[in-house]
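A, B, C and D label the chains in the order they appear, each numbered from 1.
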């Protein structure tokens, strides 16, 4: 779907208890505010009676560019918002969220995200790579991203995580990506980054939670393996699922082969899931997601 | 997506040259007419500047059921329609389109459609099976659908097609499905059924147009084969594509193996494409389709 | 892969602890017995040191057809078998295993297997359909297969299963297919049919074991659902996996939609898995399978 | 499949007109030469009556390592080779083919191959990157691979290709990979590198041959796009297909979206195809391939 990054394209994210007239009133307000809808998605969750909506809007050609923008739209929608009890977020599509990548020694997800980003696929600023081992520093250097090695060996884990969290604060990150970080994040840190921390799990969840999923898959003899991109919650590997990918395997594949084949799934699920998040296409609803794919 | 077949659920199909305010005005009118939007899709085609919209709406609980329905909504939307130059269709979701299946000797697509229909997956009435060979009559009998064998051997093809077309008229069919019919439809008959005749082609179009696509695929040595569900147009195998499906093959597969494996693709592409058409989810736009998938 | 059903094509199934020279000695014996290898697969399981081999062989043109066949080959291989400690099975590819289908009220897997069989995709004799409800009787009639309704309501389950097992004995079945039978088979009956009873489970195992997997998948919010064809073992849904299939789903899909979309996976995983078993392409090894796909 | 790179593992590639006893005689010779078969594939092409075989063999524990190896095996098989008229190649699995990557300005395939190589997925030496633009030089530097910029603008194409070919000679390359090189290779250069030059085409061949396949796919309105890894032959985009990959698209995807989504297919088809070639798993047979996948 085409997007408008001329400084005037805006993204409108709305949710509320479902009721009649939300679309009518919001779209009428937008029309009155000189906005043309470029892309629209909406969804009513039947079980919970909740409504979700995402619009990409552009300034209508007849509308003056002065003052127009996210603030202008949010202000103009405030009456409708209050009347209908809407949650509304409006953001300029020119904004670039700040992203931190957390890694350990495995490079495939890290390099893939960095290269997608460099190629312009991911609309964000990658502000730092943080790792508990030094090896990934070389890749961060290549892509001119600050690298922080946090020592998880010679200090207590709590202290190490404290250091990571300070770095996230220092870099003012909007999103933390666990690109095969392989460390269990402490609950308070998860709570602090609720809805702003995504992980790539190297199995087709809910199969093979926990450690060594490829070895588990080998033991079970499955004929397809996969990977899952999900939000991090306190329950390990139980957070809302964003995206999944699978690939066929057979009895000839050793655990090492599964790891190699699975990397495609990990890269794809993470790359696509990250892009969906950065474009504001995901609503977390209970322990599930509403994903308005492009 | 859930659907409402209580006699009050309606489907609204709109298209027009893209302009500001269409969503606002249509949704405001609907709200005023006591309609709640259950499902909504819209799409702006950038190249042509054309806009497409599909709503599933239900009667709001506070609205009187008397008079409410497709006619009521169409009447109520007439002012907006005229003002904005909209093409509007409204239909009750309780309506069941009349469908004819055309076949020859291959049973896999025919039986699959009949069984999906019997299982309630396809919201339509299958009014007849027409074939140029008698073998499929047994299947039609099983499913209690009238069977017509049209002789394509002892009369000119033009006369045979005339006979087929009369049967379609007699059964007042809304949609004709070529379930591996394997005959080239005459141009006037295609013109008459424009947008109301779908075919399943046994290749991943535009690869391997024409006859014997599985043999062509074998000769070329492709590593995936497929099938394509598309609208029939005068250009053979060139009509707007609705749905496609693929499956992996290898050097061990003979042409007979490709035919067998390809049947899954044919059944799936046809079954899904047919369902999408019956639910009014497809717009033909030039030689392409806009498909609002559920 | 092409097969030879002229009455002289034979299938050779061999396994043994891995050692040097097995292929050399078996293939030399076959050559001396006038057999040409049409298709060959072999696999060494590294962890267990076990070796698996499957050959399809034809009578060499220069070899007399008299006496040639499965018995002739088995006899001719007996010295090698004893020397190397091989498990050897030889069967004529003209043989048709006897298959029973067990069902309840869901028709999609049952009809799909029956139709594949009628179309010649499955080289077997389907000797009966057994169900705990009467509805599937109509389908059995269509395909001219004896139908047995076993009452699971007005007699103890043990008695009902006893009745089922007697029917399997009466029909001398080689393979029992649980085509969505939805009853937990008693342990002694599983033991009796070890390696000769296959099930289609409506989830991508090991995800969502047990009842109502589509509802579980809906609750978890997965982005792909699937089905698994596996051998029945005493541990429910834990038997060796033969084949799996998946399909994409989204937040718009209700549990009913998941059931509908999942049927494709069920039909495909069962149809392919059943064919693989009937062609002797599967070895059960521990709780996993070696599958020599065509 | 596990491989043995201890310096004693060897790969045996055999083809010949199909006849009885090839497997028997070759495997008997191997057994006598102290070789254990680790992995075996064979295929008889029915139409042409040609036979293909690939073995991975290890030195048996009881066999002296002295003298053992590719030369030893080839010598030991010479009698069988001459008797049966076999084409035989034997190579040490420790050997690393020399590979050149040709690129232009698009980085996704180039970086993906380099990163797979650095991660140990591709058993080869990448000896150089050659490009007709300077931009890819930075990536070559990262991976410490010599970079050659060949000027295609200020000299005749023939001279430029002459320069490329000299570089390939200088680096003694065994395989040339066109990683989105986007230049049509001259016929004599193709002939010289027959079977040793692979290309990634950004469409699901034979659909959309020639230039701008993603724009062609957009125009045609297909519902799946793909990429094809194939050997380069004089007929543009017509060479033997090694591997293909596809991904779903929809009416919402612009040509730019197709390019982005298609990159996954390009990377996967090339990465997997390249690996298959490097492991000697591919036979070119007429204009098709026999691929003995791991």
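Methods note: a contact is a pair of C-beta atoms (placed from the backbone, for glycine too) under 8 Å apart; a residue touches a chain by one contact, two chains touch by 3 or more.
The structure displayed is predicted, hence computed values, not measured ones.
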Fill in the blank from the handout: To bring the C-alpha trace of chain C onto its twin chain D, one rotates it, in degrees rounded to the nearest 5, by 180
Handout entry: From chain C, the most remote chain by mean C-alpha position
Key = A
Handout entry: chain A and chain D: spacing of chain centres that average the CA atoms, whole Å
Key = 36
Exercise for the section: Pull out every residue in chain D that's touching 2 or more other chains. Expected result: 2, 39, 46, 252, 254
Fill in the blank from the handout: Touching chain A in the complex, chain D uses residues 1-2, 39, 107-108, 111, 115, 118-119, 121, 142, 252-254, 256-257, 260, 264, 268, 294
Problem - chain C contact footprint on chain A (complex, rising order) - result: 43, 45-46, 204-208, 220-224, 226, 240-244, 246, 250-252, 254, 287-291, 293
Exercise for the section: In the complex, go through chain B and note every residue touching chain A. Expected result: 2, 20-21, 23-25, 27-28, 30-31, 34-40, 42, 44, 46, 60, 248
